[in-house]
Amino acid sequence: MELGIIGMGKMGLPLALNGRDKGLDIVVHTTGVEKLAMLEREGVRGFARLEEFTAALRRPRAIWLMVPAGKAVDDTIARLLPLLEGGDCIIDGGNSHYRDSQRRHQELGDRDIHFLDVGTSGGTGGARNGACLMIGGDAAVYAALEPVFVALSGGMGCALLGPSGAGHYVKMIHNGIEYGMMQAIGEGLEILRHGPLPLELDRVTAVWQRGSIVSGLLLDVTAAALAREPGLESIQGIVAASGEANWTVEEAVRIGVSAPVIATALFSRFKSQDKLRYAEKTVAAMRREFGGHSVVADQGE
Amino acid sequence: MELGIIGMGKMGLPLALNGRDKGLDIVVHTTGVEKLAMLEREGVRGFARLEEFTAALRRPRAIWLMVPAGKAVDDTIARLLPLLEGGDCIIDGGNSHYRDSQRRHQELGDRDIHFLDVGTSGGTGGARNGACLMIGGDAAVYAALEPVFVALSGGMGCALLGPSGAGHYVKMIHNGIEYGMMQAIGEGLEILRHGPLPLELDRVTAVWQRGSIVSGLLLDVTAAALAREPGLESIQGIVAASGEANWTVEEAVRIGVSAPVIATALFSRFKSQDKLRYAEKTVAAMRREFGGHSVVADQGE
Amino acid sequence: MELGIIGMGKMGLPLALNGRDKGLDIVVHTTGVEKLAMLEREGVRGFARLEEFTAALRRPRAIWLMVPAGKAVDDTIARLLPLLEGGDCIIDGGNSHYRDSQRRHQELGDRDIHFLDVGTSGGTGGARNGACLMIGGDAAVYAALEPVFVALSGGMGCALLGPSGAGHYVKMIHNGIEYGMMQAIGEGLEILRHGPLPLELDRVTAVWQRGSIVSGLLLDVTAAALAREPGLESIQGIVAASGEANWTVEEAVRIGVSAPVIATALFSRFKSQDKLRYAEKTVAAMRREFGGHSVVADQGE
Amino acid sequence: MELGIIGMGKMGLPLALNGRDKGLDIVVHTTGVEKLAMLEREGVRGFARLEEFTAALRRPRAIWLMVPAGKAVDDTIARLLPLLEGGDCIIDGGNSHYRDSQRRHQELGDRDIHFLDVGTSGGTGGARNGACLMIGGDAAVYAALEPVFVALSGGMGCALLGPSGAGHYVKMIHNGIEYGMMQAIGEGLEILRHGPLPLELDRVTAVWQRGSIVSGLLLDVTAAALAREPGLESIQGIVAASGEANWTVEEAVRIGVSAPVIATALFSRFKSQDKLRYAEKTVAAMRREFGGHSVVADQGE
């Protein structure tokens, strides 16, 4: 079965190789000359010009987008549209907002182009070897493309979860959960790091990986990172928040559901990026004001 | 290799059968007549009288306690002590507080009895098929008994993590992390449950199990529970807190480490048990007082 | 000085009487026949028909809206517009979203109608005796109407805080803080209520009112409520969330600022309204699944 | 009425002057020569030797301790005991743990020395002009000394709240609430500081002081601090936690009451002191590991 892929970044490239390994006929579009050369060596056809890419695909085309959420998705679709024909299908495998996906499904449907939203989890390793795919859209469209999803997921972790938007909605919440789980692990390890006993955290996480209640993919990556550098001295304690947990908190607020752990995990990342610390300054200033408590003077940079 | 086990409850019984399957010579003590009969049918020797149990064990004895934390551990040790001899080893595989374990190690050491503290994770399934064992104590004592731990853990998830107390310290923090992860999953599923899309949560969790970033043992048990009853109608939203996450929060406060997600997860369980809701009443009363907002009148039971 | 007021609800009515007491010439619009009669007895002119109301106001008119945020504000403005003339000013004293206020300022400005957004705090008592007024808009427009604000605030708690939107932005954050403070008080009182000592919470809060660090308006209303009913038996622990703290959390997420206490306070209200408790059910189900822990069976209603 | 005071620190000194102003006959003990001279100029008798201090007090003596919680209180009591006589009363006005106060009440009672535990709130300003006094102990002992408390509190904010320990228990929870309220204010101001509108936070807090729902002593001190330095550039965002909120969280955990806002406020202070940020490093490392996300490299100091 054939699959076109646009976007040869951190996720798209391993996904292409994964598809090739699983027997899919992968055709990619990227403007990166070196990437095209590399892919050719790997046996994957690639085209730098979008017209050639779409022309190379058999109809009805199945085109997987693996580009950044937001404007890049809309732009890519706009450039693709004149080159597509009725019955073709666009698959958005990125981290789009589910309402954008619902809108795109509607707009494309008006032009007889199919659209599936696919939340892709498992990281770069999953993309390469077998991703977890949460899919939203029309049942018939999904059914026709199911072999693609089965192949990319290694045969297990894919399912149509609901109507258009369901894939990205479930992926959004998945990431919210992920933030909470990661923060829980971080807090626990921080206690161990500062606690009274001399513990080697690489050994601790290596044991937890194997059969404990907290075992799972996140423990695996934690143990892998600590195995290389238990003290994590080479990196700073600054954590980016890439968007979907933000949406999860917004969604919780919007529908009136309590999500304190997910929100606190997100806020911990925000705080890790905060250099000004105005909240803390305010609290310190209050203490000085009412209690005569000393504050830590700023020494400049 | 021989292992005596005291305590044939939810964890002790499957551990005994696990040890037998892995080639250990298991001898148990329990006063439960039916359990003794059942164990005999299973090929495990058991004794209702403690004296017979200790007499049946080869020296130096290795005796695993699987009894509730606190007084039950001290009582069992007190009854065992007159029956033990120098060089015997008591292994506490329960959820004791690490400072109790440190004290017991000291007290028993004064009488030439060895002591290892073992945090046991993996639930009843792990106990039966291969548990994750986090161990604290003296290196030589551990080395002598390592085959026991390797057998019970199915060969992988066991390690000496540090001096006396380290096993239960690490288990305590493990459970704190577990609380945070469980709450994160619960919050995410609650959003999905109330969200705008018609989702079948058993299908969602079944996909997440397979290759997603949040996959792991907790997702496995969630998916198993939802597969049987997606709406969880048969159970109430009341969650017990069994102690170790309480200790984790206390420890975080004691050593000055920030653990908001773990604490919030613990407090969510407390709140689930709270019928009075005095905090909420207070906030509702304030709103009525300053803003004339209506409150929900209590209708009695 | 003259002020027209539309909206004779919980806040508008006391505000009208407050203005009258402070020497403003208050003219109101309401369709409530009884309210009009009552206001007439109180010496306040009122009109049931909007045309009569606007005709009765001297130009340039100053019209204060005290209606629910959202559609009601837009609808009222739409009905007013044909009756207004260049140089008139609409003052939105309700809890509108600041971006709505910015939009209305723009739209009205295009038609030469002025617009001020006013966050009004202090509850019904403040509205009656002296409100705290946080104001956004054009400096010249504010200057012309400053006597109105000074009068309504009792001479002290009013200020132009910035350009259009600033009043409602600051009020939004004010309410977020309020949620956090109320939750902190509620939690503290819940601990006292369940703690080991026999304490009368009306006495406790009465002492705190007078000179403690936590003294202030919220303590005053708490003490007033507890003075009447220390156990708060007559009301249920269910708390509404009226919108601005929701926006505060959304804004924090939007601009990447950490606000865990405000978010947790908001989520505590959401949870107080939650009858399904699916998150808690999920956590309980996980515990049963991996640990054989008992759950509380649902007995139906 | 006469009152002896031991401890002329940040709180004790203004309390002595306060008592003098309110007509109490204040006698102090301090080893600070300059402080003694200053107090003499202020008309307060002071003694550098404890024996002279106790000898100067009329029987039954009333001696107020204003020394750091913990060992200093026990040490002071131990030195005082040989110099006291039956019927004398020790008043602990510091921030002792309530269980220490209950113990001291018991131990001193066995020697016929009375003991009252007094939670003192209102900061240094309250100590100087009228403190909020939360008192625990025996009713008859309190009644005999009530004029002292009435004087020091400026006549209003004092009450016997329960048996021994009640004063410090209530003060402990008071401080927990205080932490939550301070954090809520800090978070709100941080949003305003980073938000889209140009706001002067000294003006904002000055308005909030006057009649808003969040008005109160904490807003007063915030506004005072921001009036001097709106950007708080001179101080760092590092906040100490002095102990009672720690105890509040421990108590909440101990009795099973949910206190997420108070705990999160406490943890925010802990995090402000954390230079290592191991939790954040761990989360960043996980992201790199599974997603190939970049981390911020540590550049050293």
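Descriptive notes on the structure:
Note that the chains take the letters A, B, C and D in the order they are written out, and that residue 1 is the start of every chain.
Methods note: a contact is a pair of C-beta atoms (placed from the backbone, for glycine too) under 8 Å apart; a residue touches a chain by one contact, two chains touch by 3 or more.
Protein identities per chain, from UniProt: A, B, C, D = 6-phosphogluconate dehydrogenase.
Everything numeric in this text was worked out from a predicted model, so none of it was measured.
Chains making contact with subunit A as well as with subunit C: B, D. As for how the two copies subunit C and subunit D face one another, over half of their interface residue numbers coincide. Of all the chains, the one whose CA centre sits at the greatest distance from that of subunit B is C. The centroid of the Cα atoms in subunit C and the matching centroid in subunit D are 33 Å apart.
Work out the mean CA point of subunit B and of subunit C, and you get 47 Å between them. Within subunit D, the positions touching two or more other chains are listed as 122-123, 183, 185, 187, 189-190, 194, 213, 217-218, 252, 256-260, 264, 268, 271, 279, 290. Contact residues on subunit C toward subunit D in their complex (touch as defined above): 98, 121-123, 126, 130-134, 136, 153-154, 156-159, 161-163, 165-166, 169-170, 173-181, 183-185, 187-192, 194-200, 203-204, 206-219, 248, 251-252, 255-262, 264-265, 268. Those residues of subunit A lying in contact with subunit D across their complex are 10, 122-125, 182-183, 185-187, 189-190, 193-194, 217-218, 221-222, 224-226, 232-240, 242, 260, 264, 268-269, 271-272, 276-293, 295-298. Every residue of subunit D that touches subunit B in the complex is listed here, in rising order: 213, 241, 246, 249-250, 252-254, 256-260, 263-264, 266-268, 270-271, 273-274, 279, 290.
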